[in-house]
Amino acid sequence: MLRIYRFLPSASRRGFDLKEPLWSGSLTFQQAVSTSAGNLDENLSGKKFASYTVFKGKAALSIHPILPSFSKMESGAYRMNRNGSVMLTFLPAVGQRKYDYTKKQLFALSPTEVGCLISLGPAESCEFFHDPSMKSSHEGQVKKSLSLTPLGSDSGYFVNITVLNNVQKTTDRLSVPITKAEFAVMRTALSFALPHIMGWDQVLTHHPASLASSKHRMERPHPDSEWER
Amino acid sequence: MLRIYRFLPSASRRGFDLKEPLWSGSLTFQQAVSTSAGNLDENLSGKKFASYTVFKGKAALSIHPILPSFSKMESGAYRMNRNGSVMLTFLPAVGQRKYDYTKKQLFALSPTEVGCLISLGPAESCEFFHDPSMKSSHEGQVKKSLSLTPLGSDSGYFVNITVLNNVQKTTDRLSVPITKAEFAVMRTALSFALPHIMGWDQVLTHHPASLASSKHRMERPHPDSEWER
Amino acid sequence: MLRIYRFLPSASRRGFDLKEPLWSGSLTFQQAVSTSAGNLDENLSGKKFASYTVFKGKAALSIHPILPSFSKMESGAYRMNRNGSVMLTFLPAVGQRKYDYTKKQLFALSPTEVGCLISLGPAESCEFFHDPSMKSSHEGQVKKSLSLTPLGSDSGYFVNITVLNNVQKTTDRLSVPITKAEFAVMRTALSFALPHIMGWDQVLTHHPASLASSKHRMERPHPDSEWER
Amino acid sequence: MLRIYRFLPSASRRGFDLKEPLWSGSLTFQQAVSTSAGNLDENLSGKKFASYTVFKGKAALSIHPILPSFSKMESGAYRMNRNGSVMLTFLPAVGQRKYDYTKKQLFALSPTEVGCLISLGPAESCEFFHDPSMKSSHEGQVKKSLSLTPLGSDSGYFVNITVLNNVQKTTDRLSVPITKAEFAVMRTALSFALPHIMGWDQVLTHHPASLASSKHRMERPHPDSEWER
């Protein structure tokens, strides 16, 4: 029988007993992005951030979704010009329930990598490889891999990240065991996020024209262009 | 063959033949929350409440979702500062189709506990333990446990709550059998609620900046910060 | 191998080669509802209707969702006072690709009945019974039953409705075979509709207060009332 | 163990190393539609486009959702008058990572065809047949078929399109192997899109009347018209 213990009082659950940098972390990173392009605070106004974090003995794993971006065309329409992603942030433990945000390792899942995770069988493994500098003069300097391997007995997965830096001659490894229940949260959240990071929710839920122009629509040729060619 | 009988006339289905306190219950609790902080009625304005309730011979079980809360940062962005949850309310029966709301027992499911329920196999059990006073001087005074155990033959679960009060020397136990169909409703509703109580829907569906600043976006460094470090 | 043939030209697919009353049907029914309460056209303004219809040799089956209703409380909040439902409309065939809307039979699925359908195994059956007049003087005059029985070989279901009228001494039976693909559409649409007919989407996606009152929120007692009791 | 390699640097991932016509493709097609009905650019304003594309050695496959359309009734309500669809676009490769958009082949999936794909077992096949000119004088001139056949070992599917043109005496065939992870993306995106192309999301998320008329609602006859007949 699976048992989950949660004896934290509400006050503790609000604040979490963790290094402060962790909790301001995802926002600090976002601020860094906007600051580097000048004063873009007005773009952050109203933006929202939320992550799901699993704290274990040797490391913590936090995941949060990143929106796709759209660019405006001459026609006034918008086309997605970059997929969103789901960012995995690994934090090494530096004491009991303390994690060092400055030594974080990041791995951004593409839609297809998300598809891989949500279809993973309980006894299956998967591994993704990223090279941030491929096709540039720095190709091969940094290599990242993310793998999920089963804990056994349908009880969850180890999530492992390895970052090999050939310049600094360093290899960082972090591993976080996640339970079946935690993976169910991730699978559900990733499945929910997937159509959003693909931009499909924005395509499918913005329909002003469908109402405003129903008369014009009738006079138009069939928009189902399969038959047009 | 599964058979479901629903012979209630429409008038009865509107009002439900139950003690009135039950049906004003979820709202009464919300009003108590706002009243205790002064006149916050304007905050309730427009707020909506809905629950799914299963009425059985010895007790009823009602579930409803609770939104996460976000706090505004200096940058103008919002960060989730508390997860939402799914509240389970147990009500003992005090007569035929009458339930006593004043003797209710509550259990708030965290995202991970929700993940546990929605991934529960038909023959699996799970149990959660809460201590509202942990890490305070009242630690151990009240202990709550919630368990789901299979009814057998893939026909549903017993949902059991036990509340042990070491000060009042009382133990309250309530148990509600739920059918496979009722669990399918709960599983679907919990799966739907999960990304919302995690705050991910608010992150993923608020995208004013993605449109307004498409030009500026082009000049910015790559927001996929995996490659930045 | 499953094969689906769709040789309809686009013009035919727009209009469907059916008795006009069918296609104005779902709206006619809605208009009847509003008309019976006087001139409520302003309430229909902006309302939208869409159904999924399967046309077979002896009958057609159309399904469409019905929203729950909320009532305003003194506090300014809204509470769901009636579940939504998913309406099944059966239409007998009266010729090749012609169906008689005036002889329709209706069956409104409650959330739990929807839960039953979406969790139905490929070899399982289910049956629902409704008596519109139960607990009134007309109890037993009309009895409805809806059943799903497997077509065999994981290839879909027969959906059957029987309406027994003890006053008119009539029994109407309609049966529509639905393929595995059509049932997948219904299962997906019903799973999508379920949190909406339960009102949970309205609870979870209306969150003005979560932003406006973040400071006040901090001063409030913990809203997770599990710990309050 | 499944391994996914993604060594593209961010700059490359932004632009994709492809023939420009591909990337302006989905929009070009939309512009063609609107242009053919005159200057309808104002209808495109605010409209959004996003697709999911899989690039393989001999061909690429891109999928994007198309919204249903609603028409306004005399009552002020809107009724869906055409289902949406999910468009599959096949592009033959004309060089390394270059695809010819002018030789594209299109196939628009109906809701039932989407239902077929999302319920396809790992060892199952399916095939759809379209004739754009059926029931017209051009019937049989062009025949299209789309099939999915398993790659074997639960590792994905071949997606094949055949377009037979009896006038031009040509047969075009394109085939794209998709991995299990890519199919998981498609299945999740198609499942998400299905209620939207059926119009159900618009029915279920537009509920102004449910709030404005709660008093009137009480005086109305039961809207659950199952009992009305």
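A few remarks follow.
Letters A, B, C and D mark the chains as written, and numbering starts fresh at 1 in each.
Here is the rule we use: a contact is a pair of C-beta atoms (placed from the backbone, for glycine too) under 8 Å apart; a residue touches a chain by one contact, two chains touch by 3 or more.
Since we're looking at a predicted model, the values are computed, not measured.
Matching CA atoms, the turn from subunit A to subunit C amounts to 180°, rounded to the nearest 5.
Averaging Cα atoms per chain gives one point for each, and the point farthest from that of subunit D is the centre of B.
Between the Cα centres of subunit B and subunit D there is a gap of 36 Å. Averaged Cα coordinates give subunit A a centre that lies 25 Å from the centre of subunit D.
Residue positions of subunit C with contacts to 2 or more other chains are 9-11, 13-14, 68, 70, 78, 130, 132, 201-202, 224, 227.
Interface of subunit B with subunit C (complex): residues 1-14, 26-27, 29-34, 36-37, 40-52, 64-72, 78, 81, 85, 87, 105-108, 130, 132, 144, 179-185, 188-189, 192-193, 196-197, 201-202. Residues 68, 70, 73, 75-82, 110-116, 118-119, 124-136, 139, 191, 194-195, 198-214, 216-221, 223-229 of subunit C are the ones that touch subunit B when the two sit in their complex.
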